[in-house]
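Order as written gives the chain letters A, B, C and D; numbering starts at 1 within each chain.
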Amino acid sequence: MLEELKKRVCQANQELARRGLVVLTWGNVSGIDRAAGCVVIKPSGVPYEEMKAKDMVVVSFETGAVVEGELKPSSDAPTHLVLYRAFEGIGGVVHTHGLYATAWAQARRDIPPLGTTHADYFLGAVPCTRPMRPEEINTDYEANTGRVIVERLAGTDPLHCPGVLVADHGPFAWGETPEEAVENACVLEHLARLAWVTHCIESYPRPISRELLEKHFFRKHGPGRYYGQNR
Amino acid sequence: MLEELKKRVCQANQELARRGLVVLTWGNVSGIDRAAGCVVIKPSGVPYEEMKAKDMVVVSFETGAVVEGELKPSSDAPTHLVLYRAFEGIGGVVHTHGLYATAWAQARRDIPPLGTTHADYFLGAVPCTRPMRPEEINTDYEANTGRVIVERLAGTDPLHCPGVLVADHGPFAWGETPEEAVENACVLEHLARLAWVTHCIESYPRPISRELLEKHFFRKHGPGRYYGQNR
Amino acid sequence: MLEELKKRVCQANQELARRGLVVLTWGNVSGIDRAAGCVVIKPSGVPYEEMKAKDMVVVSFETGAVVEGELKPSSDAPTHLVLYRAFEGIGGVVHTHGLYATAWAQARRDIPPLGTTHADYFLGAVPCTRPMRPEEINTDYEANTGRVIVERLAGTDPLHCPGVLVADHGPFAWGETPEEAVENACVLEHLARLAWVTHCIESYPRPISRELLEKHFFRKHGPGRYYGQNR
Amino acid sequence: MLEELKKRVCQANQELARRGLVVLTWGNVSGIDRAAGCVVIKPSGVPYEEMKAKDMVVVSFETGAVVEGELKPSSDAPTHLVLYRAFEGIGGVVHTHGLYATAWAQARRDIPPLGTTHADYFLGAVPCTRPMRPEEINTDYEANTGRVIVERLAGTDPLHCPGVLVADHGPFAWGETPEEAVENACVLEHLARLAWVTHCIESYPRPISRELLEKHFFRKHGPGRYYGQNR
């Protein structure tokens, strides 16, 4: 089942490796078929170079139970499911161990919008969640990771903020498709690196103006967009 | 029309990607044929690896209107046109998202001339523009981006200062040809990185002396040059 | 003798080079056959690309004397032997000149557990030894290097802490096999780099909670592990 | 004439490019045949990838005049000649634009001996010259660059200190052969990068002890060396 989606999710995972966003077997991409009520996700701990479309695991959107696949799904699958349930407009989720985004997550800091490259993708800071509480860590850890993300995004359109930092852990990103989620994860890593270099030059860099933030975001997104070719 | 220039502009754009100065579809190179009154520029949002000479867009130097081409020109085309109109000696313009130059732009700082590598290409600091005002952002944004560059370069020979940082945004560079503009963009990125590392070692590094700055600039440029082979 | 182990140790050395953890001929990997009482190690000062399985040197676990091989063993062989004698559960040892781990060693600092990536491999800080004393340097230097490592690890399960920094020198790592030792050396370098970037963003980053440290370590290691596929 | 040396010098130049120590056409390697009274050096401003052995330029050790070759020699040739005249034991000289070594030169700082990697090659700090005076810049600039290097090395065995930083400019390195000079240039760049990262972690890192410095230097160099295979 879902052979086409398995193929796309597999390719999206390998794209993650090609872009240098993962180390060893770390990181994962999933995609959802909302009509079928199923999520397709990378198997746990399998090397990227050996991965094939048929190794992708299908889990139930409702229960998280494995619907098809011989391997165990990524241990982060419960986090993905919480995000798909909370953010109805998204079609793909990515978790990476990108060096710079992880460093900001370890510093427990939002990445401020310091320039137009940031504004092209995020209509505000890349938010960082609060650290998780002992009881959230000890029980139902991976689902609770999703819950602190949803808590942090409350009141924000997830497509205006297509990624987040989980404090002490690292980045999650999403998009309307698995491919767009990978692009957003890749951009998030670039923004984290760019903000880090900026921060080294100027300890307290000022965020850009609201006008510039909106100008760049909306020239690439929404009905008035004029960047790129007409679709 | 302008088939030869289209080919060169296309290659110059791909050189930008090969040198790691762009991410995804970001960045753009143009070239001008002043006799024909036309500028050839990269189309908006097209992947570098798929780009062909025939995809380049020809726009009018006077009006900015598309003269030839099936795709939309880069959304930064109005910035390029303002630069070509103000700087009569230039034949190519480049905009990149180079990490280090963008970080200095985000820090809203000139890159000081800290060594002879810098002096080989820039006869002074790489200047940073002032941040743009809300009204400049809301109306005619891309042309106004060119205007703050021209304002910042006032009184400077643009070939003695072949690049600039737009505050909160990133670098633009230029040269007598599209190829030279790409070389200058590549050097600007290197200088930004070098100044960043220097800055991390020594918080307030001193600029080099005027004598050393002029020695290195003029041994590579102008009538008394003795670096390189006789042309 | 030990042809299979020579082949694995040779491949593990070359993997080190492929992962960018060594410069020139620096660094080395060894493996032990405890039943045979022998350690197989890289020859001293031989380029990685020219190395063959038959160039590996077999030394006695007891005495350090060369048992087989035409080349001199790595000058760090006495350090490896001290570690194999002290840590009975390990089967491979690695020494690298990884840039970031060496920098922490030069700063004489433990790498604190700043995030879950760290906790996936180390159940606490990556410890740094004390600087060696003049008499330890002047006599029996390489064996004394092993002794300060063992001194620093006192009271710690070496498989819960599969690597260390030797002050003023650089990292050593180990594992149940040579391959696992290389993976741990590679992860140690990544953690050192990640902690460095974090440190640049936030001068005094706080270590993660004990609960999160144990959650991540034990979801990958020991009887209750649920990361990865069932072996 | 000197066909074999031309071939080696050409290869050494290309090795410099392969190791990422040069940008565009910057940097140069030379080698000397003291019996013939000639120095073979890279031509000025020629791309590394197009360079052939026959393009190397032969200049007189005494006068600096071109003895053979159709191209102009590197504009840094007079610096090389001053070094060959002052340091009788050296057979090759290298000038690079390595990012990290250049940054220390721009910061006008010695690179302190912060670890054993440094001690394996330099028996003390990598020294930085004083800035050059206006009159030294205005007249006979390239030879004066050599003279401030020689002034800084006064009283030091150049083979115990196979490289230097020219303040505001960048690194020069040397060795008994052109190949060894390239290795030393490559190591100098690595040490500069390593010291930079260390410096970011610990603002005032302490140099290593004299005992450790000598232990590592002399286990690789001189009559008592025991690193590597017997030659």
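In this text, a residue touches a chain if its C-beta (ideal position, glycine included) is under 8 Å from a C-beta of that chain, and two chains touch if they have at least 3 such contacts.
Quick caveat: nothing in here was measured; it's all calculated off a predicted structure.
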_Chain hops separating chain C from chain B, counting only touching neighbours_ = 2
*Write the angle of the rotation needed to overlay chain B on chain D, where the fit uses Cα atoms and the result is rounded to the nearest 5°.*
90
_Centroid of chain C to centroid of chain D, CA atoms only: how many Å?_
33
*Please report how many Å separate the Cα centroid of chain A from that of chain D, as a whole number.*
47
*For chain A, residues that touch 2 or more chains besides their own*: 200
*Quick one: do these chains touch in a line, a ring, a star, all-to-all (complete), or other?*
ring
*All pairs of touching chains, please: list them by chain label.*
A-B, A-C, B-D, C-D
*Which chain A residues qualify as touching chain C in the complex?*
23-26, 43-46, 71-72, 75, 97, 99-100, 102-109, 131-132, 134, 137-138, 141, 168-170, 196, 199-200
*asked:* Looking at the complex, which residues from chain A come into contact with chain B?
replied: 114-117, 183, 186-187, 190, 193-195, 197-198, 200-202, 205-206, 208-209, 211-212, 215, 219, 226-230
